[in-house]
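Listed below are the structures to be examined.
Each of the two complexes below includes chain A, the first together with chain B, the second together with chain C.
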Partner chain A sequence: MAQYFLEQARVTDFIAHLLAHHTVYAPHHRGGRSFAFEKTSDPEAVVLDYPRVLNAVKKFFLPPREVLLHFDLTRDTAAVPKVEPIDAVFLGVHSYDLAAVRRLDFNFSTGNPERNYLVRRKGARFIGVSYVPDKHHFAGSVGIDPYDMTGCDMFLTKHADGWIVDILTGEGSELAAGFKLEAHDEPKPRRAHFTQHVFVPQARLGQVMEASYDHPVWNETAETCLSCGTCNLVCPTCYCFNVEESVGIDCTNGHRERSWDGCMLRGFTEVAGGEVFREKVAARQRHRVYRKFKYISDVTGQPWCVGCGRCTASCTAKISIVEIVNRLIRDSERDESILT
Partner chain B sequence: MEQQTQFSGAEPRELYLPEMATITEVRRLTDLETLYTVELPGGRELGHKPGQFVEVSLYGIGEAPFSISSSPTRRGSFELGVRRVGQLTEVLAGYVPGRKIGIRGPFGNGIDVSKFTGKDVLIIAGGIGLVPMRSMINYVLDRRDEFGRLIICYGSRSDSELLFPDELAAWEKDPRVEYHVTVDRGTEGWTGRTGVITTLLPGLALDLPNTVACICGPPVMYRFVVMALRGRGLPDQNVYMSLERRMKCGVGKCGHCQINHTYVCQDGPVYNLPDIAKLREAL
Partner chain C sequence: MAKPNVTAKPSATKKPRVAIFDFTGCEGCELNQLNFEDQLLDILAQVDIVEWREAMDDKAEEYDIAFVEGALSTPDCIKRIHDIRRRTKVLVALGACAVDGGVNAIKNLHPIEEVRATVYGKDQYLFPTLPALPLSAVVKVDHNVRGCPMTQAEFLRLFTSLVMGKQFDEPDLAVCVECKLNENECVYERGMICLGPVTRAGCNSHCTNFGQYCIGCRGLVSEPNLKGMNEVLTSHGLAVDEAWKRLQLYNAYRLQGVRA
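Our next item is the complex of A and B:
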């Protein structure tokens, strides 16, 4: 695949080139340490060198709120809203967030394929960027390094005073067409330094989790956990949703809407009559962590956590998924050495 | 899993749009429970299996899962037994024949009837658990030659809460049915047995390897019934149970009904005991 070089000074020109032909979503600075993927109008406002965006690109394909049905209460009829492909370029996506998109793709295309997600997702093109891991990233431990170009049409790797550009697909060539890029053949940086690690091979994580169902860490974590669901909301691979009804003020029409939900919230498993199947915070924490490292992974062979560090970075109670998992690993190894 | 998802090809079918069906009959069962007969447009069959469920929509109110109470052998319509416990069921309680409701489904695996064929069928139903079990009971009654004995154990809080009283009376008289009932507390005049449902099990004459049980009831009941059946020596692989969870989407997407790795709306609601005996959130 062809490789080029883009000087930092020409980045805004390149974004302007993209904007001339396409809708572009890219990271923008939102104040403080906060970055968000937003529709781009000003090339100068795009930040390619950022630690992480608060919400992953998931929010475009599985919006935080989405109408599933419009209904007419005078006739008792309902219709599904028209869902359009998001015909846009997503510029500046980190490899772990693309890995998360692939996991969502799997979820919404297997079993009962879901039209809403798949139609929206169809038009997306991705330009990935490398990043420097901060104190929360641990994507390397789940096999996704900052230079991983999987799923991208084009990839920008930070190098010296600019970016090495990999054109990876026909779509990628089209995005670059008409913009002058210098050919480049220097070797690329390959290794990234992560400060956070999960210390076990992926293949063994399932076993570790299997042995940790009654580990004290769940109750200990529950003592500080506020059960607020923030970890679910910021997770790029969480896809659970709630469904609610909304009726217009004249009671003639309304809509059924789905919104992001979280398994850390107490009401998540509540059924009519008031029974809550995961009443204890500890059970909900275990469910959350097992969803990322066991339940789906046992089926797909891949961790469902992509190591973005968002849940830890956003946790008001400073609960770290890396610390939880490493403690389970450590204790399961200790237990094994006692037994054998 | 790393293979790329293909986004070309035919658009998937619509998952969330209900079909409008008509309530043709409303039968008050108790103060709280009502049985609705529902017809799809053109009298089309729902095509369900015993033990499956549908999602019922009342536009402007919401959507909720209900188990199907009728057997697929009774054609032309299907029945839903509904307890008035929430917003949607409260509104539904005011519905009369002719009203329309939205239906999605049938969903879930349902009962694998082939596992019961040729065997003695033991139905254990607690309270409103009789509603889904009734689909299996009537299936067995309508295809009586294909099964061995039909033993029904039904427990209720009180005799005033017994569901389908005319059908219970018919089962009591029917020589093809062995019907046992107990109530936690009988009202004045109750001459039947008093006690929790597990008190029915020790006295049953069971042809053990040839008996297959199906259980449905309130969450608290399962553990005790399973212990009682194990006490009788019934092998776990002969025990099936229907679990209740909050099945919001019915199509394996929303996550609410998940127990460990299993989605109740996809792999359940009917499980073989060995498959869930080790799932500690299941029972």
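Our next item is the complex of A and C:
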């Protein structure tokens, strides 16, 4: 594992070097104040120092909309579109988004493997970057610090004059091959100052959730929640989807499409016959939080939230998952102290 | 509750007979049908259009599907919509005016006699008028195609569903969903009022994709949290009064008696 230094002035040269040999996806400006992963054509347009992107890199492996099947009703035939590995370099990924990819890898490879996701994932190479936590990040509380290099082929750590480059895999060496980087052996900065924290040992979160099924926080949150589904859709570990079929105007040829869906949306819990099994917004809020800190966590022993802060940062009603969880922790501790 | 599956498929051999009508509105939704230039021949291959004032002279006694544009705003409208309902198997409300009363319902915010005097002056007694109503206030409506003008993609989806006898599900989720799928920067992030969080999706977040804010033309979702919406506006330092004026542009009928 070798360490090098990349001066700030040579960053665009390095991106140009990557572009000469590979397809590169990296963060770009989107709108006035936001960022999004896009296919890079101009190295100058890439932003490596950013708080968070709107949609996580998940969008490349599980696209927001995806045709699963084309069919012809007169010939009674169907064809599955070809899915190929994404042979590309993902430059500038934050540690929590890669942690989210690892969680999705688990979700999509256990049980019935999700072929389209797993095939697309195959060609991906990751160059991570460190970040400075803003007022919404709390990844430190779920054990993912901004310098965590797990899953990366290469990692860039912010330094006063540029970036410290860690080459972590053979793929990483290939990406850097032909680009001159100076060796670097000074210790790296490793202090991450998170301003948001979930104050509980992770091992106890499951118990806290278990005790909070009837907590008033769910009804109180429902008062302000618009049930718009934003928190689900921006979450890097949410993977629920809807499947719909439609036909063209010839009423003969059609396709089956999958699109992102979310448990905060009323229609998500509507089943055949019109029954809605989580009718109240409060029940949907509880389910959303339990999906991140209880249900999957009971099986895997890990929180299924990566602390990116997107759900809170994107919520128009400013509902904070950190505040909800901390309140549950505080109240469950108080209840315990009364009992003992 | 799941809606009963109302379809127009008459038989395997006969094409459904379609009629198109207009009430109080700008005829923009009908124009939007004529604008299906690439699909018009395919549409005509699936159905027989038996009555359509804007495009032809013929009249018909009965139809399988009636597409009806516009709000009801005169006593004559009420008579005509009952007549159409009697003659058709399936009745589709086409566009914001027919579905929700649309911009016409803004007049309902004022005393009806005052509205009448302002519009018709000394001739007002020649023009009886009513508060504007969506079709569903008077007759049973089987399906809605929302939007101002009506969303073309939704019309085609309903059209193929009716022709094929397939169930049609009206979207009942916020425009925010489509904005997230299209990875748009949130309009609130740009400091503007957006009605997306309480407005029905189905337009593929058309306006916000192009940097505009949502004006709510597809009507409110079935369970809008309007109190929550007020808090969103206040917490973003935006004017609640202005937002409610915008909400009333398309939702004046539905919001009658509801205060900001």
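Everything below uses one rule, namely that the second predicted complex is superposed on the first by the 340 of 340 C-alpha atoms of A that agree within 3 Å, B and C clash if a C-alpha of one lies under 4 Å from a C-alpha of the other, contacts with A are read in each partner's own complex, and residues count from 1 in each chain.
Going forward, contacts are C-beta pairs under 8 Å (C-beta built on N, C-alpha and C of every residue); 3 or more make two chains touch, one makes a residue touch a chain.
No experiment lies behind these values; they were computed from the predicted model shown.
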item	value
Partner chain(s) touched by A:251 [first = chain B, second = chain C, both, neither]	both
Touched partner set for A:159, first chain B, second chain C, both or neither	neither
Partner touching more residues of chain A, whether chain B or chain C	B
Partner chain in contact with A:54 - chain B first, chain C second, else both or neither	second
Touching partner for A:225 - first (chain B), second (chain C), both, neither	second
Contacts of A:273 with chain B and chain C, given as first, second, both or neither	both
Partner chain in contact with A:106 - chain B first, chain C second, else both or neither	first
Touched partner set for A:151, first chain B, second chain C, both or neither	first
Contacts of A:184 with chain B and chain C, given as first, second, both or neither	neither
Touching both chain C and chain B, counted on chain A across the two superposed complexes	247, 251, 272-273
Chain B-touching residues of chain A, taken from the complex the two chains share	68-69, 71, 73, 76-80, 102-103, 105-109, 111-115, 118-119, 121-122, 150-151, 213, 239-245, 247, 251, 254, 256, 258, 261, 263, 268-273, 275, 277-278, 283, 287, 290, 294-296, 298-302
Chain C partner contacts - residues on chain A that touch it in the complex	30-34, 36, 54-55, 59, 64-65, 223-230, 233-234, 246-251, 259-260, 262, 265-267, 272-274, 281, 314, 316-318
For the chain B and chain A complex, residues of the former touching the latter	1-2, 4-5, 7-8, 11-18, 20, 57, 59-64, 83, 85-86, 89, 100, 102, 219, 244-246, 248-249, 251-256, 258-261, 266, 280-281
Chain C residues touching chain A - in the complex, by the definition given at the top	1-2, 39, 42-43, 45-46, 156-157, 159-160, 163-164, 171-174, 176-177, 180-186, 188-190, 196-198, 222-225, 227-229, 231-232, 235-236
